[in-house]
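In order of appearance the chains are A, B, C, D and E, and numbering begins at 1 in each one.
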Amino acid sequence: MTDTQRIRFLSTSLIVGFFLAWEVLCILLNVSDLVLPRPSEILVTMWTRFPVLWPHILQTLYSTLVGFSLGVVIGVTLGVLVGTSKIAYAVAYPLLVGFSSIPKVAVVPIFVLWFGSGTTPAVLTAMVICVFPIVVNIATGLATTEPELEDVLKTLGASKTEILWNVGLPRAMPYFFASLKVAITLSFVGAVLSETVASNMGIGNVMMTASSNFQVSLVFAGLIILALMGVALYAVFSLLERRVTGWATRGNDIAVT
Amino acid sequence: MTDTQRIRFLSTSLIVGFFLAWEVLCILLNVSDLVLPRPSEILVTMWTRFPVLWPHILQTLYSTLVGFSLGVVIGVTLGVLVGTSKIAYAVAYPLLVGFSSIPKVAVVPIFVLWFGSGTTPAVLTAMVICVFPIVVNIATGLATTEPELEDVLKTLGASKTEILWNVGLPRAMPYFFASLKVAITLSFVGAVLSETVASNMGIGNVMMTASSNFQVSLVFAGLIILALMGVALYAVFSLLERRVTGWATRGNDIAVT
Amino acid sequence: TDIRFTLGWKTQGSDAPFLLALHKGYFEDEGLNVTIDQGEGSAATVTRIMGGAYDAGFGDINAIIQNAAARPGEAPVMVYQLWNRPPFAIVTPKTAGIEAPSDFEGKTLGGAQGTPTTRLFPVFAELNGVDLGKVAQENMAPNLQEPMMIRGDIDGAFVFTSTSWFNLIANRQDPAKDFNWFNFEDYGMDLYSNGLMVSRALLTENPEAVAGLVRAVNKATMEVAANQDSSVEAIMAFDNLVDPELERARLEFALTNLMNAPEVNEIGMGDLVDERLTRSIEIVAKGYELDRLPEASEIFDRSFLPPAEERSFEVTIN
Amino acid sequence: MNMSSNIPARDAQPVQTASVHSRPALELQNASVVFGSGANAVTALTPTNLKMERGDFLALVGPSGCGKSTILKLVSNLLQPSEGLVLVGGKEARAKELRIGMAFQNPTMLPWLTIEQNVMMPLKIVSPFKETYRQDKTGAFRDRVHALLAQVGLKDFAQHYPWQLSGGMLQRSNLCRALVHEPDLLLLDEPFGALDQFTREELWQIMQDLYLDRKPTVLLVTHDLREAGYLANRICVMSARPGRIISDEPVNIPQPRDIGMIYSPAFVEMTQNLRELIAQVRST
Amino acid sequence: MNMSSNIPARDAQPVQTASVHSRPALELQNASVVFGSGANAVTALTPTNLKMERGDFLALVGPSGCGKSTILKLVSNLLQPSEGLVLVGGKEARAKELRIGMAFQNPTMLPWLTIEQNVMMPLKIVSPFKETYRQDKTGAFRDRVHALLAQVGLKDFAQHYPWQLSGGMLQRSNLCRALVHEPDLLLLDEPFGALDQFTREELWQIMQDLYLDRKPTVLLVTHDLREAGYLANRICVMSARPGRIISDEPVNIPQPRDIGMIYSPAFVEMTQNLRELIAQVRST
């Protein structure tokens, strides 16, 4: 108990220290607030503009979560396909890799041309951007499942679906959760990206408006808000992860300590 | 042998089929080439403009690879830290998650203002964008290492570093390679992103110019080139992966088949 | 009728005519259900309309010229010209020592590739005897131009006056005192620029709606010219993120520098002079290396304009 | 003398007719297994013939690495023979004609499930249990699993995870998982290896009761000749790698057998004979 | 009678003085282990005292789940005692005062290494071998590993991966890994469990030669009383969970012992006595 408390204390103070260092460095090096505002300025902006920012925060959160959820569903489905069928592997992987190497910023305008601006392209972008990491990790998790574990079900005459549900997917859970952490941050990036290109709402729109008016501290307020939302969702998944994949990290919460 | 050949044939024809479907759908639905050019048009553009594109391709490849390599080094180092130390986990993870939730497009201008436009911000962007997936997967790989395997070395009085090198890292290799696939595509995205913001060279710059000139098929040629480069590098890693993590996918190249 | 309308950029003071019309219900009065979205560039307005996602928008006539050349019969059509004068300019800090176009030689200029200012620079150079080969150019995103110029990374930037003027203020500069402005219109390039454009489809299938749209915008424009208070109110109602003072200043800048021209006093707001348009088509064709010169009639359609007396434009700043 | 031919069909499946019984439960016809190819090829099993009637209890003994586990894997269709045929219940192994219960040599409990959930897994997968799995998993099935676990002395560990158990405890849960769905064909790969003599003897008795009660076909791999002699009614001896069955003898002692019997002179003599046989093979 | 007190220091380490030898190789002082807490707490080991002099060969027998593996894990510092002290070579276990070789109950070969590489791992980690590992790994060390593998009958499998080996073969390589770096303290957890009787007896003899040659301290967990009697010079019996040492008897038979001895009446009597002792404990 005291041990976790110590770690929590240390980590909090280190994170606070990070922001303090930022503040101090900005003052010492005399960095213009047009290049990099100080955290204190950002905080003030965030606080004073909060009522205005709030609906935008909700909008971004909404687009991100919807896109992310769809992305997870698609990602897991594709991941299972790629991880269990050689043909899907040989077909889908190159296509997915190719598609993922494309900057989404080039794809958003196409979405806008198809669906108009607003929530739809944001959701779509948040979705497509987060599919690939999930696919890769699910597929890898399935491919590295120990055959011995599958054998347990095979002797019982289990169907491939049963093996998948009872061995493959549980075994791939640590991989899945690792990918979720990456995917949620990418979803945020995607939604915001789309909002900067085509939307009247959302943190992305705020940041774009702010940056084109050189309200740099508002831009950074947007960034910090995004970061906080990312961390919050990450925390949710972490909790879920600890419940679901405790078996894989048993004993040592973290490997060597 | 004939089996792999069959799969190769099937996958090739399915991928070709994908592009054919694209072509046919564009013709049938009468999609304007402003919205989505047909693959044949893109191919023609790619072919005729290739001499002009070539130096840009090299530039983007260069930035991407340099940034990616740096990103891998940093990612693995951070991943090991996060995966082996509770404090690093508690400090670095929130910061990393927060930073990753920030669209890199907001970060590039800062890089440009600090380091000037051109290759440096592209390399940096390619670097920072690919660190996170690597960190997450390395850390997860280390955290899910079976204690029994570590015990083998612990009884011998091995130091933590020895355990890391001889058990943790080899065990985390499947995770590492999964993350590399995601990381390399992100690196491409990062480099191109930076090139669109401030650069006179690179595929990103070409696409930016092309899109502001409404040369949509040149934009798509750029996208396809990016996709191809991504797939090529993915193939390299796949090969490496098969050599290094064969033990984890033994027997069944892909899980259930 | 549903009209999907795209602005040229994020909400700006100069969008007041449309936002006021929306705010005050002028569109509704014409039986139009208009939804306004922010844009991604006044050139992109053209693509957005051509792609079919939008029916109308606030965008650059030169982008229409460009697209009409490549795809005759597909490009949108300008139906109400708002900015009679072009905002295209090169801005240089006084410290760079650029007093005349010839001084550009040996210097580095920066701009976003493909913006009209950047793309038309070769024409500017030719008209003003600048050796293009001696001018270095850097590509960069629009929001990097002023900071990089202030830092001295570039000696000048290809800008829109209405944007850059205020960007410089935001960067704590004095745009009037410390900078030299080379407005393209002063250097033989009296182009038209932004206005209300509609898609070909809307034009042919629903001319009624177009007429209503133009009437509403015209009514609002007149009001904006007379009363900026209500304009700012309309802007803030649309987007409460922007700084009202800044946007009021930007609106005033647009009214006085871009919309209020001698020509407007003669022909009225919304209209343009065909010879001047034909001339600018040639300039644009040269700058963008177009292989076809579109007719002025492909670009602009004055048939929806209200009678001239309803379009007499007089700016009063309050 | 082979005792298995006149064992009555078990009550649970009265529909099975004589014609079904005439088909042997298990048949290896010249089945061989070679792993790898070329220079790296390892012959795990030379062409082998083996036939088990329904209700047979066959013990397979032989030196380490001779192919015992390989035979079990062939029968459970985890491996395909490189050559020859493997018939289970008269059909190819992959048809899963018989309900199989297998205790792996290395207890591979699924690490994300508790012991109870692990042991219950066959009920989730195998007909007719899986049809009512949803209703019964917290009722009848749970009770069945707990009863089994209690029999092997693990009633306090149902909610534990595999890594919280000792080696012998894992092996006992492994056995439970093989038995829980009342298989027709039991494949046991050294199921008592990691246990002390007393626990082992207790489980032998449980095993014998179970066998006599339901008369499944059992193929038991073991290194313990007394275990083989006490439980089986047929003992096959295999030679060293590449494996081959070199002796196939019935155990002519009526069942049920008393555990004290393993100290009787007749029994000791039988195991002694087997011992010598194996020793002979080794030395050649 | 305890025979270990007058065993000469081994030649390899002539610097060790009598004072070092006066410290026992191993000492458990009221060491107990409790897993988990509250209602879920499992007592794996009640406070236990155990002392081994250098050169002792102690066999630990007891029912499944009584805490034998737990004791080995305490000694090798994989577990810390919940209470009490564990001293190895006179210092706390974590000091790693003695060079330890451990054969785990479950052969945990690293799956990405071949058998040869797995067996060579201790040489890569443990002084003084690790200092010359780079030069010797393809020379002297390789030869040493191959010699060991040949002794246990695995010379053809050096380049195989763990999953290509049978259960018994894995266990034999596991033993090799425990021996390869000539440990001072050998911890063997049922190292011969998955082997047939003959292979087992062969390995017993190899084990005995090795012990008599280098006189390491050996702690052997086994279920086989004959194995204990043949190899050890002291046998400890543990009660059922929660474990406790209930008997600690020397084996008064001079070493080296002949394998035939295990059929001698005196030996049979000794094992019979132990058997009865264990049976008694179980029934109480």
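One rule holds in what follows: a contact is a pair of C-beta atoms (placed from the backbone, for glycine too) under 8 Å apart; a residue touches a chain by one contact, two chains touch by 3 or more.
As the structure is a computational prediction, the values presented were derived from the model and not from experiment.
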So the centre of each chain is just the mean of its C-alpha atoms; given that, what is the distance between chain A and chain C in Å?
38
Geometric centre distance via CA averages, chain D-chain A, whole Å
49
Roughly how far is chain C from chain D, going centre to centre by Cα mean, in whole Å?
85
What residues in chain D touch two or more of the other chains?
106, 163
Residues in chain C with touches to at least two other chains are numbered 47, 51-52, 143, 147
Two or more other chains in contact with one residue: find those residues in chain B.
34-35, 109, 113, 147, 196, 211, 245, 248, 250-251
Among line, ring, star, complete and other, which best matches the way these chains touch?
other
Which of the chains are touching one another, listed as pairs?
A-B, A-C, A-D, B-C, B-E, D-E
Once bound in the complex, which stretches of chain A touch chain D?
146, 148-149, 151-158, 162, 166-167, 170-171, 173, 245, 247-248, 250-251
What residues on chain C touch chain B, complex-wise?
41, 43, 46-47, 50-52, 66-67, 70-71, 74, 112-115, 119, 137-141, 143-144, 147-148, 151, 153, 288
Contacting residues of chain C [partner chain A, same complex]
4, 6, 9-11, 36-38, 40, 44, 47-48, 51-54, 142-143, 146-147, 163, 166-167, 170-172, 239-243, 246
Chain C touches which residues of chain B in the complex?
32, 34-35, 109, 112-113, 116-117, 196-200, 205, 208-209, 211-214
Across the complex, what residues on chain D touch chain E?
35, 42, 61-65, 68-69, 105-106, 153, 160, 164-169, 171-172, 189-190, 193-200, 223, 225, 275, 278-279, 282
